[in-house]
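The following pair of complexes shares a single chain, subunit A, combined with subunit B in the former and subunit C in the latter.
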Partner chain A sequence: MKISKMIYLFFIPGLLLYSIFFIYPTISALFYSFTDWDGLSDAYQFVGTGNYERALTGDTIFRKTVGNNLKFMLVVVILQTIVALAFALIVLKNTKTNLFLRALYFFPTILSSVSVAFIWSFIYDPSLGILNQILELLGLDVLRQNWLGNADIAIYSLAITQVWFHAGQMLIIFVAGLQAIPEDLYEVAKIEGASKWQTFRKVTWPLLAPSATIVIAYTTIQSFKAFDLVFAMTGGGPNNSTQIIATYIFDVAFRSYNFGYASSISVLFMIIIAAITFLQFKALRSDRISY
Partner chain B sequence: MLFRKFSLIIYALLILIPLVMVALTSLKTLQETFRDPLGLPDDGFQWSNYSAIFQEQTMAGYFMNSSIVTLFSVVLTLFFASMIAFGITRMNNWIGNLLFGLFTLGMMVPAQVNMVPLYSLMLDLDLTNSLLGLILVNIAVTLPIAVFILTGFMKTLPRELFEASTIDGAGNWQIYMKIALPLSLPSLSATAIFLFVMHWNDLLYPLLFITDNAYKTLPLALLEFQGEYSTNYPMLFTGVILASAPMVIAYVFLQRFFVAGMTAGAVKG
Partner chain C sequence: MISKKNSFTALSLASLLALAGCAGESPDDSGSETDSGSGDGTQISFIHWRGEDKAVFDDIIAQFEDEFPDIDVEMNIYPSEQYQATGQRMLTDGSTGDVFTSFPGAQFEAIASAGFFEDLSGEDFVGNFDENLITVGEKDGQQLALPYQLVFNMPVYNKGMFDELGLEVPKSWTEFQEMADTLLENDIVPIAFPGADIGPNQFMNSMMMNNAPDEDIFTKLQSGEESLTNEWWVKTLEDFQLLEQKGYIQPDALGTSQDSAMAMVANEEAAMLATGSYHMASLLGLNPDLELDLMAPITVEESEAQYEGINTATFMLAVNSKSEKKEQAKEFIRFLSRPEIASQYANETGQHLTVNGVEYESEVLQNTAYWIDERTTRFQPRFLITNAQIEAAVLSSIENVLGGAEPMEAAEEAQQIVDENRE
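For the complex of A and B:
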């Protein structure tokens, strides 16, 4: 059936805003990444691949930043996926208690990152903080820490906060995925005398792969974007030990006024995210079994 | 089974204790907090932090700004995204698919990637320190995910509905308003909640574009309390409670929609 050409009008407002405030800045990030623009003056010079060479070979902070981001990502992805899946399996049935628990576990997701940052700054506070007090109560004084002030562990403290923040959301995705598995497959497994572990390995896990892919991919991207949390809790410190790529871009651009260099890091950031997402989808897809 | 119950309780406590701690601390004085960070207040609950924060801060203004930005961002994103989703569904050809691809590609680009050029663009357009500026950027940034979710839903609607209306002489606009939108209500409401949470809590764009107190939204104002009150946690937590209150109240009443909406963003994203 022929559709009136007027249909194109439906795209105009959205496409206009999307082009001006999204596509154009994204493309100009690529353009500025080859310049030494400071973001303020009208003049700038092309520096070829200078910014990229600096980022990849000369800049030790950038290298540290990527490392921090990977540490943060690994802890969050592994811990959050395990917690979310384990608890999803327990609160799977739609009983009253389980519905309540799911709603409770999900709750932190609706808070703002700044609120979560304040809450956890208080928990981690070396003198006032609940965490050190609990450790003391348990007689584990040796474990007392300056959780955000110690450069060796601060990034992991942030990762735990991120898990607290978002595990509930991933749990719900797993619940949705698990509830979609047909009940009769479990019946068959039971009749055939499969053990609990065998049932999980042969029935649940393969059919869960699509949700697992989503959770892991989403968590990965989320952990790269944890800008707000890091910015509000540590500002990247101490000594850049919690600086992640996103906060480093902000620092380079808005504290050192090096827009050109910040743009080149932005482009590298995008490439890293695209590569990781691609690899994950590939890895998890090949693992899938079809019924 | 005992172990399962035990784990469930531990996880519940891990969520509940920090929340109770926030509420409790907001009802204590600073001295009480330093003396006994986790105890109950000595002389009953103190509401003084709440009155102090309203005196010292332009809280009403921050609420107003957050409400305006969130409301317009959510409504306009839904409006523009549903029009695009309708266009893509209706065209059902390679141009539609291409446009769909163009929008969904945007979901892969983290907001921090283009914050630098976006900042200078906003300066050039004189859109810094402006709620309109925030709204425009919010719409552009959330269009991809909204288009993705809504298109996915509209494609499941029976095409015959649209075609029958065309034969009856309805124009595209009428079909969109009278058929596509009402039928997409479940998906629209899920997306609305996802956008509501995202825009209400957004920090990055206010941080980049707003320096004038008159235009600050709640998350940015809250962040700056940190500079002002330092480790005065009773005041900070009073701010946290006030800033989260609308979201928490909405969550308590619309819980099921929240869960659906917040996961639609992830599942289909």
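For the complex of A and C:
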């Protein structure tokens, strides 16, 4: 069948929007990453690879933000994937109760991040927060923490909030993936005498790999971009212990008025996310199987 | 053309960040707008960050438009964080912010460097302001902005509680510790410190004012002549460590928000709130029976103390140099600087002002007005750090110490960041 050339006209609106809101800003960021532009003045000078050298060799905070982001990502990816999968297995069948539970678990996803930050800042408050109060009621005073004020644990407290915020979204992806697995395979496994764990390991997980790939990749990207939650809950503190790359870019660009340097960090940020996502796809692809 | 191109690129970067989930809402999404004009005059744009002053500004703008029917004022208010981040960019083409406000410090320097301030030096209304309180708006001999509000960034204390316990305002570090010990003996937390938000950036000022009486100390730090590892800052960090170790500030202070700290003082669980005069009205709102005053810790012996407190002239009114309505914009600032209008603003917002001849009616403002003329205060040192990354490093060192690090170790860590960011 011959496709009319007119069909290419339909690409134009989307291409235009994509160019304005993605390609142009990306190219601009790349361009300004080689300058010392302050974001306000007309003038700027080219500094070669100076901004990149500074980020990679002479910026203690940037190195710290990368470390914080990796910690945050690891906790969120592992915990969110496990929690979402576990709950997906629990609410898999389409009963009325399960439909209600799925909606309930999905609910945090529709909240604005500022609302989530507000709720969890209250939960974590060391004196008024309900988390410490519950621990006290249970006689677990020893577990009381300064959840957001202790530099050693603040990033993990934020990670827990992120998991609560987004696990419901991932649960839906897992439910869809699980429901697409043919029932016959479970019947065969049962006839063959496979245990529940063997069934999960040999049937469920391999066939769920495409969904898991999406979940893990999306969670990774999401955890790198958790700007609003971090900004609203800790502002990167205390002592930069929760400063992640996104909040640092904001600080450098909009508080220090160093757009050139912020652009170079943005470019590095894109490279880091792309590299991690690529590695994850490679790793998870090997787990895929079809029967 | 370059300017427009750069502006677009700035917006593009913001778009890129937004797409990447890195940016907040756009100003238009969250700013509060008021246009009380009739629509048939010249419209000027007034932008600022004081959402809590909207009602009084609405009233003042209505009075202005009655008197100047040819000028309409469109007021846009942005959250202060957002204003600090994006305020400057709104000024670039002159269509927004004919009259705008600026924070002192890094934002003032950035706007001045970009050339967005119209020089107000020769204007008659400059004389309506206290000349000693508007120097922060000067640069290179030009009066670029006129600070309107005067706040005291030092602890608010419960005077009634002090009187009951027979305590006097300490005049030295030794007396301060004795006072704090007495409060602890009476099961009262001496200082409620909101370490999760504004605590470090407010309390650092009074904690260091006498440890480093040289007002150029941060200028010297930025130029490399001074170091955070020198005695003035290490001693300040040691003093913070002492407050934490002796329980003079509440446990888990770094996780305590401003609201929680205010609740502690309002409920009389704590005697002092380590923020500033701008919280007095809110504290009285929470507990009208409180009798409040201001008190800064004197961290040296009485004979060595040079300052009694901290002041900040802020909310700096300015005219956008790119504006095509500069005369109308100046007329609005002239109107705001009239003593009767300034008095209305001061009394309805509960703040001291830099304008001459303001009559303070509220008890709190009257009771604390003596800090303007009768006490030796210095301008908030934090605002003299013009590099935001260096400011962040200084504040982080306080958080580091309150988190358990040794003062010298925290100072060295912060100094490394200062060295990396020195221009």
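The rule is simple: the second predicted complex is superposed on the first by the 277 of 291 C-alpha atoms of A that agree within 3 Å, B and C clash if a C-alpha of one lies under 4 Å from a C-alpha of the other, contacts with A are read in each partner's own complex, and residues count from 1 in each chain.
What we mean here is this: a contact is a pair of C-beta atoms (placed from the backbone, for glycine too) under 8 Å apart; a residue touches a chain by one contact, two chains touch by 3 or more.
Predicted model, so just to flag it, every value in this text is computed and none were measured.
Which holds for A:90: it touches subunit B only (first), subunit C only (second), both, or neither?
In the superposed model, A:90 contacts subunit B only, not subunit C.
Decide which partner touches more residues of subunit A, taking subunit B and subunit C as the two options.
Higher number of touched subunit A residues: B.
Tell me the contact category for A:195 with respect to subunit B and subunit C: first, second, both or neither.
Neither partner.
I'd like to know which partner A:238 touches here: subunit B for first, subunit C for second, both or neither.
second
Is A:11 contacted by the first partner subunit B, the second partner subunit C, both or neither?
It touches subunit B, and subunit C stays clear.
Which partner does A:164 reach: the first (subunit B), the second (subunit C), both, or neither?
Touch status of A:164: first partner only.
Is A:266 contacted by the first partner subunit B, the second partner subunit C, both or neither?
Both partners.
First (subunit B), second (subunit C), both or neither: which does A:128 touch?
In the superposition, A:128 touches subunit B and subunit C alike.
Mind working out whether A:29 is in touch with subunit B, subunit C, both or neither, as first, second, both or neither?
both
In the superposed view, which residues of subunit A touch subunit B and also subunit C?
After superposing on chain A, subunit A residues 21-22, 24-26, 28-29, 32, 39, 125, 128, 225, 227-228, 231, 246, 249-250, 253-254, 259, 262-263, 266, 269 contact both subunit B and subunit C.
Inside the complex, what are the residues of subunit A that reach subunit C?
It comes out as residues 21-22, 24-26, 28-29, 32, 37-42, 44, 54, 58-61, 121, 124-128, 146-151, 222, 225-228, 231, 234-235, 237-240, 246, 249-257, 259, 262-263, 266, 269.
Quick one: which bits of subunit C touch subunit A in the complex? Just the residue numbers, please.
Touch residues, subunit C against subunit A: 2-3, 6, 9-10, 12-13, 15-17, 19-24, 84-86, 88-89, 92, 106, 110-111, 113-116, 195-197, 250-257, 260, 263, 387-389, 392, 396-397, 399-400, 402-403, 416-417, 420-421.
Can you name the residues of subunit A that touch subunit B in the complex?
Touching subunit B from subunit A are residues 1, 3-4, 6-8, 10-11, 13-15, 17-18, 20-26, 28-29, 32, 39, 83, 86-87, 90-91, 101-115, 118-120, 122-123, 125, 128-130, 133, 164, 168-170, 172-173, 176, 211, 214-215, 218, 221, 224-225, 227-228, 231-232, 245-246, 249-250, 253-254, 259, 262-263, 266-267, 269-270, 273-274, 277.
Provide the residue numbers of subunit B that touch subunit A in the complex, in ascending order.
4, 7-8, 11-12, 14-19, 21-22, 25, 33-34, 37-38, 80-81, 83-84, 86-87, 90-91, 99, 103, 106, 108-121, 136-137, 139-141, 143-144, 147, 163, 166, 171-172, 176, 197, 200-201, 203-204, 207-208, 218-219, 222-223, 226, 231, 233, 236-237, 239-240, 243-244, 247-248, 251, 255, 258-259, 262-263, 266-267, 269
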